[in-house]
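One structure coming up, written as structure tokens, with questions to follow.
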Amino acid sequence: MEKLYDVAIIGGGVIGSAVARELSRYQLKICVLEKELDVCNGASGRNTGLLHSGILSGDHKLRTECCLEGNAEFDQVAEELDVPFRRSGKLIVGFGEEEKLCLEKLYEHGLQCKVPGIRMIGADEIKKIEPNADGETAIYVPSAGILCPYTYAIALAENAAQNGVHYHFDQEVTGIEKGADGNYKISTVKSHWTARWVINCAGLFAYRISSMLGFGTYIPQRVKGEYEILDKKAGKFLSIPIYPAPSENGDCDIHITPTVDGNVLVGPTLKEIGDEIDYSATQEKIDEMMIQGARLFPKHVKREYFIRNYTGIFPYVVDPVTMQRVDFQIQSDPHISHAVNLVGISTPGLTSALPIARRVVVKVLEQEDLLPNPAFNPIRKGIIRFADQTDEEKARLIGEDPDYGEIYCRCECVTKAEIKQAVHNILGVSTVSGIKYRTRATMGRCQGGYCETRLTSMIEQELHRDAKDILLNQNGAYMFVGKVK
Amino acid sequence: MNSRTFTCIICPNGCEIQVSYEGDKIHEINGNKCKKGLQYVEQELTDPRRTIASSVRIKGAELPLCSVRLTKPIPKKDIFSVMEKINQADLTAPVHIGDVVIKNVCGLDSDVIVTKDMERLQ
Amino acid sequence: MNRRDVVIIGGGPAGLAAAAALKKAGIHDILIVEREKQLGGILRQCIHDGFGLTRFGETLSGPEYSQRFINEVKDLQIESITNATVIDLSNDKVVTIDTTEGLLKIQARAVILTMGCRERTRGALAIPGTRPAGIYNAGVAQSYMNLYNKMVGKNIVIMGSGDIGLIMARRLTLEGAHVSAVFEILPYPSGLPRNIEQCLNDYNIPLYLSHSVIDIKGDPRIESVVAAQVDEKQKIIPGTEKEFPCDTLILSVGLIPENELSLSAGVSLDGRTKGAIVDENFQTDVPGIFAAGNVLHVHDLVDFVSLEAEKLAEGVSRYLKEGSLPEADIPVETGSNIGHVIPQKISGTRDIQMSLRVRRPVKKCRLVISQGSHTIKSIPMPKAIPAEMIQLQLKADSFISKEPVEVRIDE
């Protein structure tokens, strides 16, 4: 299956999809080669879902610049792409003198970076902003916000796909060569692709693609973060993310974050894992989250509110010489024409995705004139959430499509109509978790006890799949071994 | 003389029954709340039997399987031969509770019967 | 807005029994709302036998048991809607129902909560390890295997010895899978003794008491679990860890009454049962809202669910005829070794049925009901185990004052 694309983007996470979307503003044949079976299976779907303010980006200039830019524009982005978002603000709280000094230093840094509206506040004002938070001193960061990270990745990808970008899943890149014709020949585990341009957006694996392309060598110094998701019953008591004072290297350990859907996230715990990929949860970290969580959000970090845990991996890399974590790298090189290399894109990658993408476009324009795509449409509509509608609107929806009159997922109140739309998503994702990320089905407190059988039947029927070919989230994650009879 | 403790499975009480016996002759029995317990132990000592339930493929109904069970207990050792017969059976909707799927399965004097009303899907 | 005397939320064994009993008590304007396409509730997937011995004097499979009630409801011409999910219940008893015909809003005079329960999940337990495919709650596996013809795995390990887990150990074995172990964190089984016997012992499936799954390995599909022995405080005993290869982990680690609608109506819950706080009429603290069956407290036998719902119908019909029920101002308190008790409060003006469970197993004990220094009843018991619900009847004239009633086990 060889086909000449103008641009092949390696990696379809939030960065790759933002790049795809921004490049689809031009007349280009673009493909995204994604290793997984969906766009949010890596770091893009496994993070805190925070719209960062820039205050925590340390002395990395590009990281801070992209973050500030992405933060400022996000109301409009959320509107265009129909991404659940709330500018909640954020509290970074401290206990005792030492943490107070640390916060004061951070506050000064925030002022220098021009993080808008930040203020040092005391215990009284902390309680005024969030009565259920605890702390003696805090930095109040009004520009921070919360968004749904996997919905954002999906929204960018869907908008790109609407504008003509092709997504190819299960395409782990195994090699890249530049042919005599100047085109890149990209081999994947499944196929071969040809493209004039290659953009490396491979996230956790970007350092590998970087080497394949001939850009610099970087050493992965990944950080593993475990999270717990708490019931919406806890969510009622939290309106704003609460961060602890950062450690020496600037990392903020376990924090408490409300989600746009009304749950609460506890985490991430932080552990350096070098070049490993390890998504497992550990008893030690679960216990740590209970203790640290209770310090910031007393009374509501309870076992009975646990719904599920997940683990994310921050794709940090270090420079092989200095062994220091590198800033965002958006590289092009005259000796490596028609390639843009993104490395070190870790947190706040979500906030910075579109600013990064625009800088990639600039790199492309430096080497090639592009014609605007007159058909480009920046607006993407998500699946209408029945649960969020008024009764009048619900009645209208059922009148239009009786499938809205069947609740499939009762915890999150997701209807058959929404599930059906998700099964037929524009990217062609067909996993059970693909439906989950697009509808919230199985995300409630019964964790699919009621609806999972319906989801798998829907995949079976609508996509004419054999039961044993239904996958939870990735290759090999088969749900069934066959039929009973 | 042997002694053994049985958990009676006849009813939810699940009586713990202590028995001393020789061969199939019971000398002493304690712990059973009713005489069914004695019958159960006698049966267990001589010829342990169970009823089983499973399901059978069905065509034309809303679901692909129809539940079935045995009308009488069968010897424990024959359970898996009966399962093989059940696995081979096919039904077509409509079916109703009590419909016989396999008469006298494996010659054990027990029938496999339908335990769920399943109508034909229009 | 439509008006109804009674809306019953959930057409499983509790809802059906309540409906039939109400109709027989002379209440005619009843609507059963069921979210599945058929009535019958969870029993549709409980294809094993052993139901009905108490209620019908014979042993039936789940679908047969529920069909008896479905037939009765049909014969009594009680109205029901299926494939219809209640999405909201207000404090003043407005029921909002999502149906393919539209969004129905019904003002009920009385609402009966019979939504049943759900299973505790892996996430709620926070079991460490990977998050592979192949981890199923026992009830979900049961639904896949008995209704949808989907086989969940071949090499099975089961965590928790709840009844559904035991039943599934046998089901999986009969359908060709190999069940290599059942782990129970407690020093005694959670399920009924007869199920240990006929589901595990009959098929030589080992039950590991005081054992817990402490790690899950494998990705993308589960490959093994690590289990370890625990002490009496449920702390892992170092050195006892052992790895068990499997392609499937089935969880049977408890049931939780499904009370999200109850909460939206402002009904107060009991932290022990996770169900509503009710009086002897099964009325919650919201007048006119009643609850019975597994939504109230998790039962061991469906027969008791039906009987409880029939009992509830007496209270509901009295409420409808008289406009209110006597105030229940005598608290019923749990004393030593009592896990929970229903009802949690009584009026002391009528005979009551009490349901309770002990916290830990005991042999040769007395179940004592008292009010202050006065002993109402003291019943000798050869044994009492948490897996079995205990029920007893108390006469109205047993209650001599407005002092709290205490229920306890004396050893």
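Letters are used for the chains, namely A, B and C, taken in the order the chains are written, and counting of residues starts over at 1 for each.
Note that in this section a residue touches a chain if its C-beta (ideal position, glycine included) is under 8 Å from a C-beta of that chain, and two chains touch if they have at least 3 such contacts.
Quick caveat, the model's predicted, so the values are computed rather than measured.
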item	value
Closest chain to the centre of mass proxy, which here is the mean CA position	C
Most distant chain from chain B, judged by the mean position of its C-alpha atoms	A
Separation of mean Cα positions, chain C and chain B [Å, integer]	25
Gap in Å, rounded to a whole number, between the CA centres of chain B and chain A	53
Inter-centroid spacing, chain C versus chain A (mean Cα positions, whole Å)	39
Multi-chain contact residues (two or more partners), chain A	484-485
Sites on chain C at which at least two other chains make contact	147-149, 175
Of all residues in chain B, the ones touching two or more other chains	55, 57, 65
Interface residues, chain C side, partner chain B - complex	37, 44, 47-50, 53-54, 60-64, 67, 146-149, 174-175, 192-194, 196-198, 201-202, 300-301, 383, 388
Residues of chain A defined as touching chain C within the complex	228-229, 279-283, 286, 303-304, 306-310, 386, 391, 394-395, 398-399, 402-407, 410-411, 413, 415, 445-450, 452-453, 456-457, 467, 471-485
Chain A - residues contacting chain B, complex	484-485
Touching residues on chain B, where the partner in the complex is chain A	55-57, 65, 87
Complex interface listing, chain B residues touching chain C	6-12, 14, 16, 50-55, 57, 62-65, 67-69, 76, 79-80, 83, 97, 115-117
